[in-house]
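Next come the structures, one after another.
Each of the next two complexes has subunit A plus one other chain: subunit B in the first, subunit C in the second.
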Partner chain A sequence: MNNTKIDVNIDIKHLTRVEGHGNIIVNVSNGKIEKCQWQVPESPRFFEAMVRGRHYSEVARITSRICGICSIGHTLASVKATEAALGIIVSEQTSKLRQLLKHAENFDSNVLHVYILAAPDLLGAKSVFPLIQTHTDIIRRALNLKRLAHEWGSAIAGRTTHPTTVVPGGFSKLPDIQALKELKQKLTAAIPDLAATVETILSITDQIPDFNRPTEYISLSNDNNYAIYDGHIQSILSDGYKQRYPVADYLSITNEYVSQWSTAKYCKNKLDSYMVGALARLNNNYAQLKPQAKLAAEKFNLSSLCTNPYMNTIAQVVELVNDVYTSLELLDDIISHGIHHEILVEPEKYGQGIASVEVPRGILFHDYQYTEDGLCSGGNFVIPTNQNHANIQYDFEKLLPELLEQNKTEAEIELALEMLVRAYDPCISCSAHYLKVKFV
Partner chain B sequence: MANNKAKVAFFDFASCEGCQIELTNYGDKDFLELLQHIEIVEFREAMSEKTSDPIDIACIEGSYTRQADCQRLLDIRCRAKVVISYGQCAGTAGINALKNHQADYQSFVYDRDAGMPHLDSDNAKPISSIIKVDYQVPGCPVNRYEFLDIISHLLHGKEPVIPNYPVCVECKRNETICRFLAGDHCMGMVTRAGCGAPCPADGIPCEGCRGFVDNPNQYALSKVLHEKGGLSLHRAESKSLLFNANERDNANKESEID
Partner chain C sequence: MNYIIGMGNVMRSDDGVGSVIIEYIQENDLEDNFCALDFAGNAWGLLPLLNAETEKILIIDCAQMGLIAGNFQFFSLNSIHTQNKLTIENHESSIAQITNLAGKTDYIIPEISIMGIEPESMEFSQQLSTKILSRLTDYAQEAIRFIHTDHNSFSKI
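After this line comes the complex of A and B, so read on.
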């Protein structure tokens, strides 16, 4: 049967199983595509304005509230940018503990996305709730890994949703060595569950659509490790060409602009759009994955460079393995040095500071200006999901004709588009966009 | 399959959705136990299923910030026997209300595009400004065990008990050294307890994220932050607004009436 004359009308308001609010609108009339849009109707929240007049000790506590899933990442990007503005250089102990914390967040969010948000599509369910009956062991494992991530982050940051102890200059309270030893035991004990996660997802990968659209992939990168806490901005194109840029140049990489087709801001660097997130990290930094993570990647035939955006979820699975093995090494290092009481490093100056971390959904930038009294005079944030919106839109525009060509039904097209958006793991609440930096 | 479990749904407005994320941090035992007693029938962030049946308990996260959301709130109220404001954004507008005191927040963030209709945003308000709210789970984020306690009370036909004493009581109970004695400042003396006072125990001030107790001494608040906490008068006042811009306004209005 040939359905090239098909009519398709998809009007999804507030797509489910994503963080925040997004719409999918498709109109195909008699086989002709009239409309194909990824829209973002999220209510704006104006954090850039809210940080004005705030003391440097308060700013991260405000900006962590940009996102409940990435609140550790927003806190870390915020304190790092504030420290850069204030001339604060933190100790090696602080830096290692923050890296450990950053891995906790990455693990936490990737578990949430892989199991709770994405896996139901691959298992043919509408959510995890029916799976409690049909796949009890998998759901128990998911809840326990999520709980582990929460305990892991809380051991260092006090709590995972809006951390308490992470402050400019160091930690307001340090974990004791016993807590870190217990954390190491818990991570070690979770290794069988990690292996089981890989096997579970491997058993349903045939449900992942075969769709490729080469684009530009941007993430942090450094020479020492699989970058999630610090590094340069790095771009890789599908021919493998890599280029690095200083984090301070983020505005000339992100280039946010208003599109006539969508209410969301778009970003572009070398091409019409670029992708950030786990797949972009893996494409840029595959060589620096831990050996156990590379083994997991090989099972999925995933290596650099992968141009299938649906594989972002698989890249997250690989990162779960990488997060645990990297953190076990970090813990050995920290425990062997012992935890030393350190007073917070005091400001040396007041000016502008820019910093970046990888949050689970991709590269995040915070940028602040401080005046002599330690008060913030302006802030700017560029959020990963905003950097992905244009790439999602261009994926839609390539995918929809392919699906029509394959004679897919309206329901199948709808699911394929929903799954594509979910694969990016969008975090739309984060969409605290900017147009122009304007410090007062 | 018919069952007698209470039907519970979650909805979100302007927020970070972190309070909903807290539900995923219970671990398997507690969460599956909770599901022995309630049936989650709608929860956009975690499930695609929707229900047309009446909802026993609707938990709403997020603030009301624009007229476009009014009808959605009214619809939820019509569908639900009990409405809970879930987290501080819904309860008092919390951190979102920080912009309410800034006349230029739209043009500062969006510059010449500030007038575009989809960027419409009025003052952030509690959802109770639009619909009747039966119970509140305070906090930014919520204390997920307090939420369990409230649900448990409702399932047993009891009135949930939310503390009306300040966070200071919990610090004393925990034997946490007072932030003022540590040379810092704190909002705990006017902030509603129930969180277990984790922030002072972690070496940072209580920021007042759960809102004020009933009848807080707001006059003394800035004065204490200034005189005992060492903050400038400007910072003392701005500190008191951090999570409580709307509550501070209400209290000022009440004192004018007095």
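After this line comes the complex of A and C, so read on.
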């Protein structure tokens, strides 16, 4: 029987297992879609205003607080932008240690999302807690990997959340070589858990909805590695057409605009929307994945170009493998060269600096201006989740008619929409900066 | 090993008192048979400490408990478990949620206590309120005394 004449009323305020507050509102009357919205009601947080008047040495400490889970990424984007503004070129050692730190954050966040936030949907549970009884080994493995992530970040940056040792010009305190050797042992010891992670998620991939909507995918990219710390902006369309842009052109790529039902801005580039995050990274940079990560991707039949947004969670699993194997190579390199004491690089000039890193949820931009006395006179941040909001909305608008056509019940439609939003792993509270602050 | 851990948001005035106390302990070399760590807002950092080698953990955090601003109270983590919904709805999660999850997956949960400090201000500011700042040394000393003492009861001060 076709139920395209059904009524559907979904009013989710607020969606669970995501960071921040987002609403899903759907009204279908007699089969006619009257409302289908992804709403963001979060308040703006004015970090752009908080950095004004601050000395360059303080700015990253403030902006790391934009996000508790992506605080490493915000710190790195911040110090890189500040260094660009101040003409600071950091050493190769600093760059390698920061890459190692960036992988720690990606690993930490992806473990959290895959196991704690997304897996309950795939295992038919409302949250992670019922899984303790039914899937104890999986939850224990999740916690062990989370523990590893914290030890990893803390070994490099003092602490994982709001790192203390990453400063403009280098590191205020360098990790000792013994700590790096111990970290290498821990990462090596975690490889069986990585393999088990792939097998666990592989066993439940039949729960991932079959939904495709080609869009534009934007991430960092470079020719040397799977870019998460440095590179150009790269766009790839569903026909495989790629285009690179300088990071300094980020405003003409993100094109933020205001949506009437969202306090977070929307973004668009070549199409009405674009996607950022693990799937966008994988679509752009599949060739740069480590061989072990490619093998994992092949098990999921995941390659570039994938247009199913639900597969973002699977791309995160592939990245877990890539993070560990990339970091083992970095550690070998750093350990073989030894850790050398370095003096922080001093500013050469004061002006504007723009930088980008990949945080777990996608490409992140920081942009600052500094006066001659080293004080910040203005800042701008474009956060990954606000780049994804428009794409989520357009996904909704394609997905809902398909679900109705498939005779899905209201409960099934609700779950499908919830899972779609969760697949983006949104950090909603970070994304809200609706008001444009004009400094006078 | 014993641990004193600071938690809170240093961007929200007295909410950051835990982190500031840890900084005070570290800068004044007061770590004596315990380790002082600042977790900021992320309770997941507890995981590496939940093992047989950890005897006691004291978490210092700002807590709205109806006391006079600046006063503090020690209490057991177990005493607040029942007030927490056992759902993880965001990325950061609470201390109770993390320890509950870990305890049910064979992690060893040591004695965990909380030193709650009643705030005067939770406004957006990187400065502690005058009242809290003036008692910083007291807080650090009381926290250190607590971690070195066996105790069966908790007191308001």
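Methods note: the second predicted complex is superposed on the first by the 427 of 440 C-alpha atoms of A that agree within 3 Å, B and C clash if a C-alpha of one lies under 4 Å from a C-alpha of the other, contacts with A are read in each partner's own complex, and residues count from 1 in each chain.
Simple rule for what comes next: contacts are C-beta pairs under 8 Å (C-beta built on N, C-alpha and C of every residue); 3 or more make two chains touch, one makes a residue touch a chain.
As the structure is a computational prediction, the values presented were derived from the model and not from experiment.
**Q** Is this a clash or a fit when subunit B and subunit C both end up on subunit A?
**A** clash
**Q** Tell me which of subunit B and subunit C touches more residues of subunit A.
**A** If we count touched residues of subunit A for both partners, the winner is B.
**Q** Looking at the overlay, does A:28 come into contact with subunit B only (first), subunit C only (second), both, or neither?
**A** A:28: touches no partner chain.
**Q** Now for A:330: first (subunit B), second (subunit C), both, or neither, which partner does it touch?
**A** After superposition on chain A, A:330 lies in contact with neither partner.
**Q** Please indicate which partner A:44 is in contact with in the superposed arrangement: first for subunit B, second for subunit C, both, or neither.
**A** First partner only.
**Q** Touch test for A:357: subunit B only (first), subunit C only (second), both, or neither?
**A** In the superposition, A:357 touches no partner, neither subunit B nor subunit C.
**Q** After superposition on the shared chain, which partner residues are touched by A:55: those of subunit B (first), subunit C (second), both, or neither?
**A** Only subunit B is touched by A:55; subunit C is not.
**Q** Quick one: is A:172 in contact with subunit B, with subunit C, with both, or with neither? Answer first, second, both or neither.
**A** In the superposition, A:172 contacts subunit B only.
**Q** Just subunit B (first), just subunit C (second), both, or neither: which does A:258 touch?
**A** first
**Q** Where along subunit B is the clash with subunit C: 27-35, 63-71 or 99-107?
**A** 27-35
**Q** Touching subunit B in one complex and subunit C in the other: list those residues of subunit A.
**A** 16-20, 50, 62, 65, 68-69, 71, 112, 116-117, 126-129, 132, 139-140, 143, 146-147, 150, 159-162, 164
**Q** Quick one: which bits of subunit C touch subunit A in the complex? Just the residue numbers, please.
**A** 9-11, 37-42, 44-45, 47-48, 86-92, 100-102, 104-107, 124, 126
**Q** Inside the complex, what are the residues of subunit B that reach subunit A?
**A** 12-22, 24-28, 31-32, 35, 40, 43-49, 65-66, 69, 95-96, 98-99, 102, 104-106, 108-113, 116, 118-119, 121, 140-141, 198-199, 201-204, 207, 235, 238-239, 242
**Q** Sort out for me which residues of subunit A touch subunit B in the complex.
**A** Going by the criterion above, the answer is residues 14, 16-21, 41, 43-46, 48-50, 52-55, 58, 61-62, 65-69, 71, 112, 116-117, 120, 126-129, 132, 139-140, 143-144, 146-147, 150, 158-162, 164-165, 167, 172-173, 258, 263, 429, 432-436, 438, 440.
**Q** Could you list, by residue number, the parts of subunit A that touch subunit C in their complex?
**A** 16-20, 50, 62, 65, 68-69, 71, 108-109, 112, 116-117, 126-129, 132, 136, 139-140, 143, 146-147, 150-151, 154, 159-162, 164, 427
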